Amino acid sequence: MANLNLVQAINLALIQEMEKNPDIVLLGEDIGVNGGVFRVTEGLQKRFGEKRVFDTPLAESGIIGLSIGLAMGGLHPVPEIQFEGFLGPAYDQICSHAARMRSRTRGAFTVPMTIRIPVGGGIHAPELHSDSPEAIYAHTPGLKVVMPSSPYDAKGLLVSALREPDPVLFFEPKRIYRAFREEVPEDEYTLPIGKARTVCEGTDLTIVSWGASVVQCMQAIEKSSRSIELIDLRTIYPFDMDAVAQSVSKTGRCVVVHEAPLTCGFGSEIAARIMERCFLQLEAPVQRVAGFDTTMPYYKLELDYLPDAPRVTRAIEDCLAY
Amino acid sequence: MANLNLVQAINLALIQEMEKNPDIVLLGEDIGVNGGVFRVTEGLQKRFGEKRVFDTPLAESGIIGLSIGLAMGGLHPVPEIQFEGFLGPAYDQICSHAARMRSRTRGAFTVPMTIRIPVGGGIHAPELHSDSPEAIYAHTPGLKVVMPSSPYDAKGLLVSALREPDPVLFFEPKRIYRAFREEVPEDEYTLPIGKARTVCEGTDLTIVSWGASVVQCMQAIEKSSRSIELIDLRTIYPFDMDAVAQSVSKTGRCVVVHEAPLTCGFGSEIAARIMERCFLQLEAPVQRVAGFDTTMPYYKLELDYLPDAPRVTRAIEDCLAY
Amino acid sequence: MPITTAYETKIEHISILDAKGNFDEKLGKGLIPDADLVKLYEAMVSCRQLDEVAFRLQRSGRMGTYPQNMGQEATSLGAAYVLRKDDWMVTCYRENCGLFWRGVPKEGILLHWMGDERGNAMPKPHWVTPIYVPLGTQMLHAAGLTLAAKYRGEDRIACTFFGDGASSEGDFHEACNFAANLHIPVVFVCQNNFWAISTPSKINSAAPTFAQRGLSYGMPCLQCDGNDIFATVYAMKKSVEHARTTGTPCFIEMVTYRLGDHTTADDAKRYRDQNEVDAWKARDPIIRLRNYMVARKLWDDAKESALLERVAQENADAVARAEGIAAPHRADFFDSMYAEIPADLAMQRDTMHTHSLGQDPSQLPPEAQERARQMTSEAAAAHH
Amino acid sequence: MPITTAYETKIEHISILDAKGNFDEKLGKGLIPDADLVKLYEAMVSCRQLDEVAFRLQRSGRMGTYPQNMGQEATSLGAAYVLRKDDWMVTCYRENCGLFWRGVPKEGILLHWMGDERGNAMPKPHWVTPIYVPLGTQMLHAAGLTLAAKYRGEDRIACTFFGDGASSEGDFHEACNFAANLHIPVVFVCQNNFWAISTPSKINSAAPTFAQRGLSYGMPCLQCDGNDIFATVYAMKKSVEHARTTGTPCFIEMVTYRLGDHTTADDAKRYRDQNEVDAWKARDPIIRLRNYMVARKLWDDAKESALLERVAQENADAVARAEGIAAPHRADFFDSMYAEIPADLAMQRDTMHTHSLGQDPSQLPPEAQERARQMTSEAAAAHH
């Protein structure tokens, strides 16, 4: 048991799985000697050699395309995309190829691959370093999409991802890379992809969130006098609708919180499903607290864009007042 | 007034606007001598010359990136992407650049551009020729997204798009390129981007749809004994939520129909908004009839994938029975 | 010396059996044993014939869009002939001749163009990848497949094919660059057939050759006559040897011509001159090789008719097999999305014929649930 | 002749004032008038100084991540000096020296790195584009801007800059290919500074030069010493003349070195040898030019101190202006999304401090509506 931050928990998961599975290889921009711009792969090249941990040319489509080939060839590549904003050039290889390979070849070729991607705002970064594109990939059949909100979860979910036979986008919220530490077992454990975590129980209202926003939700809940249940989705696809529906059936009210823009964000799917599954139990419309339908602003205004505890509080109040 | 199919209506709109506005230029793969693989630009190179209508190298990111530069330089480019499946390589230029240029330069540079894209299934095409990615772009702030369902609408909407100061994705449902003809005025008219059309009025239930699915909805409505209102969204972003909310407030029931996969499809946004706006009037959860959460299958099974009139009928019945 | 030379290079063009029938003994002698030559010829004729069969299938509504290979048979065939059977061959969609040489069954290729993913379930031992319709994307996969082999210490290279048009895609650049800089032995073969649908190759490259596309990466580059099976074999031998011995990539432009329409959905008369097509018909790789074999007494009319008859039968059999495969289950496309189907997706599959999507059946009022139960059992019955 | 030459080429390297102080009279004489030389020197010093100012701003929390230009001043400056004032200059993020030469105000650049889009609102008459953080994407825009100018019959070329790393992106390939094949006069300038963050340039290209990246497209290619202002000016003059007279693109590799960290968020000691850095410090473009000017009696210590003092004041003023600009309105980012804000987005803006998102205020119960009204007027008051 060690007290680790998110970066360290991921680093540990990588080490342990790489020791078990010689087919895991890591690649990306600056992940070798430099250990990645967030130091998530620190020390891994030294430990596992340049064959298993290597720097690539600066080309995201190339990184994913090469990884697809590696995976078709029987390895489990773990490409890092330096920031979520640079998934753009790799979109086609991810969505038209990685996601479809099993289906278009009826299983003759598969793409076991874990794409690691720092995600989200809040660290005063330059343009295209603060976005939240998870809904784009949740809308793309054939992918799995994971986003942990704590060191413990990160380790358990990453180990699962590294054992997945299909491509996983593993989003790491950079705002909480070093924000806090928690006890993370050295021993092996996994958290299932597709299962949510109930962070705290409550009876008046359910909050559904994921990634760094979970922290903002907890702040709002601490300040609230009402009994609020918080569900951390942990995985965006497949998502644990049973957990959400069960909670909302109990509370009758729900607020969904995420950083991505409102329109067609993953919150809209959660809201639509809640309506489908809990229609008769719902006492108020599902409230969405999300990024606005604008480009993520440069950092002077990023805190005005990102959902924060006061906005979550307002939504809780509005929803309860309905 | 002429009796035109969708291809001809678009061709006519291009001719008329190009005659008015010398800044409009057309570019893309095979759009010149060949008139495009769907013949939408037939005759335009001959008419307007190779300077205004030109073939490009085979590279979608290049086509959009070049168009962005053309637009920043004061022209109104109309790039064609041959099939929606090949938007993938251009995703980054569309979403990280075209969509953000005005915002990231606070208006110093803008990208007036109309990207024309054949979209959707139903024509027995090979892989990646039958998708419906509109939700991806609706989730990307800075873009406008249009999808007509008839020749008349296509002309009016395209003329509006060609006069827009911001980037528009103009999706042309290939399934109805030549499926039917209707009266299309030669005279100038425009249809506003952001306004829906009420195709037929009704009191029992509202259907919201767009693109080729509108035709399937009409078939279902014709067979139904109930009074059903059909709203063709026409534009996906900005979308006419007032029209939808007004209709559902009246009928209390709604079915949304689209070809794209269910999860995080644009139907989820419509459903979520209906809940937000019409909660107290809703008598049943909004039903979504959509593509499944699978890769669009090759054409032997495409009709099993695409929403058809029987599936719409089933949704109508389920929703009314609720 | 203020102006010095930073780089200097030269690209060779290889031609052995030219269109007039001249044969270069120095390069060509002993290059291909006579017995193999006959087999290569037969393979080209068989592929050419299948093009015609496929064309008729498409015209009669029994197949979707199909891209004919006509005129380009010697490119992928030359490559397949030189490669080891366990080198990766990573193709686009116009390399049937090479794929068949590898042993890929014709019915699989036909099935693919009949709109059936099972046609893309390439049989494993053939070391070939699925057909790629999206252009330019497969070269990166070729690099990855080869790097995976290298990682495991396997002695395996790859050869990947793409057109003049596809070489304009950004992924082409990234694939060559990754292969060169990460030391991955891939032979990149650009099939310059002068057209990308209606777009002439000069719009895809203003340079004098496509071969020089490889110079960026410091790769050895070659150009060869792609309609000359001797030249393609010669260029491949040189390139394969380079790749295998150095562990690094190299580049070949094979100059050829698409004699047919781009696909059955295309009408090449709209954009290209019949004179140009006729000139290239005179350089047909099949005719050229036949003339050579006849001159060398390796071939005659009797053999030709026997071949045509045999091939007609083989192709008819392949069509029969492709058409004889039972239609896929209507819910087939759900089952290969993931190794294990997620619960929600399974629900979509199991209710696809009975419920509207997004509606959890258990939420329905009793009468609707009853109707659903009936429909489910009807649907199940219909599938047995 | 079965083996013929399909293509042959050679790339020149230009060096005029070398690191040892040798000056090539043949190429260098009269290339840059003395008066201009002094101005160019002053520009480099001023830019170098601003790097230090920016570094301190970042370290003291007054600015976000900043990429220093240190060591590379002569590349973009040589280009800006040769270009006409109304040629497009399409840069990445490490070309301050050229941008300032063009008249782009320093406070704009600082403002950008202070996380404020208004810093990217490039003033129109300077014919420069915004700073691009995403790599490799701007070259296509350069091609488009130039084609738009050509379309209108304007006599305007573009020069676009990118690093050794960025040249690995697919968009780089597409930009060069479009420019070459569609006949667009763009000068492509690759600043090879040997590193892309921690990635050595050999991982981005295994070829002997980056200059040969242009050969694919049939462009004239040049390599020059990028730390020699004479060489960059010479290479640019040749290239600009080519572009302007032929209307087609060309390619320059400027060989230079990043003396500082990649950005203020980077620590280059983690991955590169101090000896390498020291060796390049000896080839610093500023020192080199100063020595030359001193030798030619164009410069002396007194001038140097006066310059340093003037520049310190100018840069301090620029910082004061950047920091003096009023903070953007909290809802600022809504207003430049579209020419006209869509109604739904306006609603999001107007209720951003009063309502939870997605909630139509009119749907709220009366007491919540009352609370909202209060908050709205408070918020409005706070902004005046």
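General observations
Letters are used for the chains, namely A, B, C and D, taken in the order the chains are written, and counting of residues starts over at 1 for each.
In the analysis below, a contact is a pair of C-beta atoms (placed from the backbone, for glycine too) under 8 Å apart; a residue touches a chain by one contact, two chains touch by 3 or more.
On a predicted model such as this, the values are computed, not experimentally measured, just so you know.
Listed here as common contacts of subunit B and subunit C: A, D.
Greatest centre-to-centre distance from subunit B is found for D, with centres as Cα means. Taking each chain's centre as the average of its CA atoms, subunit A and subunit D sit 34 Å apart.
Subunit C and subunit D, compared by their mean Cα positions, are separated by 43 Å. With centres taken as mean Cα positions, subunit C sits 38 Å from subunit A. Annotation for subunit C: residues 117, 134, 168-171, 174, 177, 181-182, 203-205, 333, 337, 344-345, 358-359, 363 touch two or more other chains. Within subunit B, residues 56-57, 59, 61-62, 85, 88-89, 92, 96, 103-104, 127-128, 141-142, 237, 267, 271-272, 276, 279, 285, 288, 292-295, 297-298, 322 each touch two or more of the remaining chains. If the chains shown are joined wherever they touch, the resulting network links each chain directly to all the rest. In the complex of the two chains, the subunit A residues touching subunit D come out as 29-30, 32-35, 37, 55-62, 85-86, 88-89, 124-129, 255, 262, 267, 285, 287-290, 292-295, 297-302, 304-305, 311-312, 314-315, 317-319, 321-322. Residues of subunit D that touch subunit C in their complex: 2-16, 24, 26-28, 168-174, 177, 180-183, 202-209, 211-213, 215-218, 223, 248. Subunit D meets subunit B in the complex at residues 117-118, 120-124, 129-130, 134, 137, 139-149, 151-152, 170-171, 174-175, 177-178, 181-182, 333, 336-339, 342-345, 358-360, 363. Residue ranges on subunit A touching subunit C, taken from their complex, read 25, 51, 54, 56-57, 59, 61-62, 65-75, 77, 89, 92-93, 96-97, 102-110, 141-142, 144, 164-166, 194, 237-239, 241, 272-273, 276-277, 279.
The residues of subunit C lying in touch with subunit B in their complex are 64-65, 112-117, 133-136, 165-166, 168-171, 196-199, 203-205, 265-266, 270-271, 327-328, 330-334, 337, 344-345, 348-349, 352, 354-359, 363-365, 367-368.
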